[in-house]
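First subunit A sits with subunit B, and in the next complex the same chain sits with subunit C.
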Partner chain A sequence: MATDTVRRAARERANASGPAPAGRKRSPYPSWFYLPAAIVYAVLFLVPTVTSFYFSLTRWSIFDSQFIGFDNYVTFFREPALVSGLWHTVVYAVVTSGLKVVLGLGLAVLLTSQIVGRGYLRSVVFFPVLVSTIGVGLTFTILLDPEEGLINESLALIGIQGPGWLTDPSYALMSVALVDVWKGVGLATLIYIAGIVSIPQEYFEAARVDGATAWQNFVKIVLPLARPATFTVILLSLIGGLRSFDLIWAMTRGGPGFTSDVIASVIYKQYQAGFYGLSTAGNVVLFLLVTAIIFPLSRYLNSKEVDL
Partner chain B sequence: MTAAVTTRRKPRGNIALSVVAILLSVVVFLVPFAFILLTAVKSRQEASRLDFSWPTQFQFVQNFVDVVQARDYMLIIAFINSTILTVASVAILVVLSAMVAFVLQRRRTRWTGLINFLVLSGLIIPPAVVPTIWVLQRLGLFRTMPGLILIEVAFGLSFCILLFRAFIATIPRELDEAAVIDGAGPLRLFFRVILPLLRSVIITVVVVQSVTVFNDFVNPLYFLPGDQNATVQLTLYNFSSAYSTQYNLLFMDILLITVPPLIMFLFFNKRIVAGMTAGAVKG
Partner chain C sequence: MTRRHIALAVLSAATLALGACSAGDLGSSDDEGGGKVTLSFLADNQPETVKMAEGLAKDFTAKNPDITITVETRPQGTEGDNIVKTRLSTGDMTDMFMYNSGSLMQALAPQKNLTPVDDFAGQLDDNFKKSVGSDGKIYGVPFGNYMAGAMLYNKDVYDKNGLKVPATWDEFMANNAKLKAAGVDPVIQTYGETWTSQLFILGDYHNVEAASPGWADQYTKNQAKYATTPAAKAGFDHLQQVHDAGYVNKDFASAKLTDGLTKLAKGQGAQYPILSAMVSQLIADNPGSENKIGLFAIPGADAAKNGLTVWAPNGLYIPASTTGAKLDAAKKFLGFVAGPEGCESLGRATQPTGPYAVTGCKLPDSVPQAVKDMQTYIDKQGASSLALEFLSPVKGPALEQICVEVGSGIRKADAAAELYDEDVKKQAQQLGLEGW
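Our next item is the complex of A and B:
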C-alpha cells in the first residue's frame, strides 16, 4: 500500500516535470555493478588462491615453474621446524581466542554494570585495537626484556624472578600470544558489550522479581543470550589468530630457534629464501587448516543460534 | 548503549570495584603508552636504560627533528606514501563495495548464493602470497603503489560489502521505485539516491578501513618492498633494526605512527564501535 502511495506521488512529480525519458525495460539493479569489484577480487584474490594449489606442486622461480609433484609437501612435513610451526599456529589461535572470550566477556559485564569511570575504561580497553601492531610489538619487546625490561624489574621489586619472556624457548610463543590478547581484547569486549546491551531489560526485571543473584543473572541470562557475540568473538579471533604474522614477526621473528614460528612466518621465511614453491605449499597448508577449522565451526555455531 | 545490566547494586561495593578496575586499567593499559611517551622525549643515554622514569631533560623537539631527518627524510616520504595508499584504497573500496552490496541486497538471482559465498570466503581465507606476487608481476604492478592499492581493495572488499549490505537492507525499496519512475537510470539511482543515504555507514567504513590500511604491515612487506617506497609501518620496522641503540628515536617513531589512529579514535569513536561490532548482534 505504501508502495502505491509513493508510486502515485512519483508519477505526479514526473508529470509535473515533463514526461519521463523513454523507459527501457531494464532492471535498476544491473549486474555490471558487480563488475569492477569482481575484476579486482578475481584477479588479485581468486586467481592467486586457485593457482596456489598448482604452484605448490612445483619448483618455482616466479618466471618459470617445474612440476615436482608433492615434493614440497614432503619437505614441509619432514622438516620438524615447519611441522612445529603448524602446531604453534593452532596453539596460538586457540589460546588467544580462548583468552579473548573469557576476558572480553568479563570486561564487558564489568563495563555494562554501574561503575564509575565506565567511559574512560571502555576507551582505554579499546584503544590498543587501533594502534599499529608493529608499534605494540616493538614496545612490548622492550618491556619484556629479561634484564632491563619494565615488567621483570617490577616483578623483581616484589621478589619474583621473571623469566626471559621472549628469549626462553618455552615462553616465547605464549608471551607473544599474551601481547596479542592485550591488543585484541578491546574488540572482543566491544562485541560483548553490544551483545549484552541488546538483551531486553525484561529478563533482568523478571529475574529480580524472582530474587536471582548476580551470578545467576550472569549464568542464566547473559551467557545464553550473548551467545551470538561469543560466536562472533570466537570466529573473528580464530581467523585472526590462525593467520597472525606481524606481531610475531615484530617480537621474535619466530625465534628463539623455531619455537615461536607459525605457518605465516614460515611462509615469509621460505619466500625470503627464494623457495617460492615451498612457501606456496605453506600457504596451501594454511588455507586447508583455516577452512578445516572455520567453515565447520561457523556452520555448527550458526545452527546453535538462539532467537531472542 | 549505556543501558545498565545490573541496576541494583550496593554503591559501596561498586566504588571499591571501580577503584580496582581503574587502577588495573592504568597499570595494564596506560603504563605501556606512558612508557612510549616518556622514552620518546628522553635523551639517548637515558632512554637506553629502558626505565619507566620521568626524563631529567625533555628532548621532544630534538628527537622529533632527528627522527624526521633520519635517512633523508624517509619518515616524511613514508607518511606521504601511507596517506596516498590509505586515501586511494579506501575511496575505491567505498564505491566498489557499495555498488556490489546494493545490487546484492536488492536483487536475488541464482548467482546471489555464489556471491555471498565468495564474500564470506574473502573474510576467512588467507591470501596466497607468492601467487599474488606472480599475478602482480604479470600485470606489471609488483612493487608499485597502484598494485598495493588494488591489493588493499581486493582484501578489504568482503568486510565493506557486508557492512554496506546490512545497512542498505534498511533503506526502503519504494525509494528506488520512485526514483526509477522519475526516470533515473541505475547510475543516477545509485549515485544520486542511494549513496547519499549511506552517509553514516560510509563514515564507519572509511574510518575502520583507514585505520586498517594505515596499520597494515604484511601487504606492504610483500607487495611494496624496499626502502624507497616504504609505508610508515615498514619504516618503523626498519628503524627497529637500525636504531637498536637509540630507543628515544625508535619510540618517537612509534609515537608519531600512533597519532593518526588516535585522532581517528578521538573524533570517530562511535563510528568505529558501530563498524567493529556490526557482526555481534544478528538481525
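Our next item is the complex of A and C:
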C-alpha cells in the first residue's frame, strides 16, 4: 500500500518536471575550449593506457624491451600466488563492500534519528576516513599483535585466547578487511545520511497517517528511496576494494606467505622485483577485471534508479 | 607553506648569485683550481654505511688535499635499486657509488655502465673478484666486510646444557631436542621481518656446493632445480622439520629481527640463523654480549664437508659517465679504499663484523667472538664458499614469502621447492639468460 503511494508520487513528480527538451542546445563556447583538458587527459591517461597494453606483451627493463606475445599473461595465470591473489581480491572487495552497505545504512538511520549528541557522533563515525591509511594500518598492526597487542591483551582479561589476527593464515585477510570497513564506513554513512535526509518528509507523514510502524517506514520508504545512495556506496566501495593496496601493504605485505595477497599487492611485488612486463600485464588484468565487474553493475544499478 | 617560501628564496638567491659571477669569472676559477677536484659519492642511507663513507672521504682528503669528496645518500632496498638504475641509464650518476656486489651488480649491465678497474685486482681476494667481475674484468673494490649466513648461538646456554657445536643436521636436531626439554626455544625465527626467514636455504649453499660441485652453473643454465636436487631441497626440508617438531619460539610469526637478537642474547632462545653482520646490532642492543654469542655454519648432511656460506662485501664503483680529471681522482680513491689504509679507516668508522676482502688487512683482536668463529672457517681451506647470489644471477624475489610459508606450516617443503623453481624462472627470463 505504502509502496503504491510512493510509486504514484514518483511518477507524478517525473511528469511535473515537463517533457524533455527536444534537441541539445548548441553550446555558446567553441569546442577547442576542450583542447587543454584533452591534451592533459591524453598525455597523462590515454597514452599510458594504450602503451601499457603494448608493454604488457613485452619483457622490458629500463634499458630495452623484447616482444614476447602473451607469455606474460600465461606466466601470470599459471602462478599460484597470482591466482589466489585474484580470488582474495574478489573476497576482499565483496566483504568490505557488503559490510560497508549494511553498517553504513544502520549507522545512517541511527544518526538521522533524534538521538543525543548526534552531531558529535556523526563526526566520530566520519573521523577514520580523514586519517591516513598507512597510519591506520600501522596502528592496527600494533593493536592486533598476537602477543603484546591491546586487543589480545583485553581478550585475555576475560579469559579468551585471541588468535594471531594478522599472522594466522586463516584470519589475516579478514582482519585487514575489517580494518578497511572501520576506516571506510564513515564515508558510506555520510552518503547514506545525505540520501536519507533528501527523502521528502511527506512520505513519512503519509505513512504516519496510515499508521505505519518504524520498521515499515524503514523497509517501505527509506530502503527504496535511499537506493541511489546504496548504489553509490556499492560502486565506490567495490572499486575501492578491488584496487585496495595501501592498507594491506601497511598491515601484512600480503603475508603470512601469500595468504593475504590481493592482485594489487602481487602486481606491486612483480614491479619491485623488476619484472616490469609481468607487472604491466597484471595491471591490464586488474583494469579488465574492474571494468568487467563495475561496468555492467553500474549499468544495471543505474537502470534501477527511481526519481524522488 | 613557510618551508616552501624559504626554499623559493634560497633558489632565487642562488640563481642570482650564479648569474652575477658566471660572465667574467670563468677564467679565474680555473686558475684558482690548480688541479683541485671535487668528487660526489652516492651511498645508501643506513647509518653504518654513511659513517663508513664519510670516514673514508675524510681520511682520503687528509692525505690528498686536492681532492674533496662529498657523500650523497639514497634509500636502501628496491627503491634504492631503482634510483641507481635510473641514474646510470640517464648518465646522471655521481662520480662514484656504492652498491651490492654479485647478482644485483650484474643487473646494472656493467660492461655498458661501469668503468673497469683491473689495476686493483692484485690487492683483492679471489671471492670478491668473482662477485664484481664480468667478462674477465673487475668493476669494483670492496666497501665493507664479508659476512656469513650462519647460525648464531648463545654459548652460555650451550655450556649449561652440555652441548657441542653440531656439524651435521642430525646432531643439530639432537641438540634441539635437549634444548627444548630444558625449556629453551631451540631455534629463533622472526617472520615479522620476512627476509630473516631465508637463512636455512641461503645459508645452506656451501653444503649444496659441497654435495654437488658446480651446482650454481647448472642452476644458471636451467639444468639443476631446487625441487630435484636433494642437497638443495634440504634447506626447505630443514625449515619444515624445525617447525613441525615445535622447535621455534612461540611468537615466530610476529617477532622482528630486534626481538630475535634480544631473545638470543638473553638466552631465551639458543640458536638464530641470521646474517653475521647483525652481531653489531645485537651488541649495541645488549651490551656485554660480545663474547657470549658464537657462530657456526648451517649444518648439512656430511660433517666432513660442512662449511660456511659467505656474502661478499658491497662494492664501490665508477660509472662510465665519470671522465677526465674526475676519473683519475676517483681511481685514486678506489686505490685508497682497496689498500691497508682504507681498511684502517673503515675500522675506525665502525666495528668490523667480518673479514676484509683486501689482501693484507687483518682484523683487530678486539672483534666479537662470532667474528672470530667466522674467521676460523674462512682460514680453513675449503670450509667456506660464496652464497649462491654471488655465483648465479638467478634469485627469485618470492623466496622470503615461500620460506615464511614453509616455516609456518602453510606449505610443505616439496611444494615450496617447486614453487620457488617457478619463481626463479621469471627472474631468469627477465635477465634474458640462455636455456630458460
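As a convention for this text, the second predicted complex is superposed on the first by the 277 of 308 C-alpha atoms of A that agree within 3 Å, B and C clash if a C-alpha of one lies under 4 Å from a C-alpha of the other, contacts with A are read in each partner's own complex, and residues count from 1 in each chain.
Going forward, contacts are C-beta pairs under 8 Å (C-beta built on N, C-alpha and C of every residue); 3 or more make two chains touch, one makes a residue touch a chain.
Note that the coordinates shown come from a computational prediction; the quantities given were computed from them, not determined experimentally.
In the superposed pair of complexes, A:P169 makes contact with subunit C only, with no contact to subunit B. When the two structures are aligned on the shared chain, A:D145 is found in touch with subunit B and with subunit C. Contacts of A:Y92 after superposition: neither subunit B nor subunit C is touched. Using the contact criterion defined above for the overlaid structures, shared-chain residue A:A273 touches subunit C, although it does not reach subunit B. Touch criterion met: A:S61 reaches subunit C, while subunit B stays clear of it. With both structures placed on the common chain, the touch criterion links A:G135 to subunit B but leaves subunit C unconnected. Of the two partner chains, subunit C is the only one touched by A:P256; subunit B is not.
Taking subunit B and subunit C in turn and counting the residues of subunit A each one touches, the greater count comes from B.
Judged by the touch definition given at the top, the superposed model places A:F76 against neither subunit B nor subunit C.
Shared contact residues of subunit A, touching subunit B in one structure and subunit C in the other: 62, 145.
Chain contact summary for the complex, subunit A toward subunit B: residues 2-3, 6-7, 9-11, 13-14, 20-21, 23, 26-31, 33-34, 36-38, 40-41, 43-49, 51-52, 55, 60, 62, 109-110, 112-118, 120-121, 123-135, 138-140, 142-143, 145, 148-150, 153, 182, 187, 190-199, 201, 204, 208, 214, 217, 222, 228-229, 232, 236, 239, 242-243, 245-246, 249-250, 264, 267-268, 271, 276, 279-280, 283-284, 286-287, 290-291, 294-295, 305.
Against subunit A, the residues of subunit C that register as touching in their complex are 78, 81, 85-86, 89, 107, 109, 112, 191, 194, 250-251, 253-254, 397-398, 401-402, 404-405, 408, 410-411, 419, 422, 426-427, 429-430, 432. Across the complex, subunit C is touched by residues 59, 61-63, 66, 75, 78-81, 145-147, 164, 166-169, 253-259, 269, 272-275, 277-278 of subunit A.
Considering their complex, residues 1-9, 14-15, 17-19, 21-22, 25, 28-32, 35-36, 49-52, 96-97, 99-100, 102-104, 106-107, 109, 111, 115, 118, 122-137, 139, 150-151, 153-155, 157, 161, 172, 174-186, 189-190, 211, 214-215, 217-218, 221-222, 232-233, 236-237, 240, 247, 250-251, 254, 257-258, 261-262, 264-265, 269, 272-273, 276-277, 279-282 of subunit B touch subunit A.
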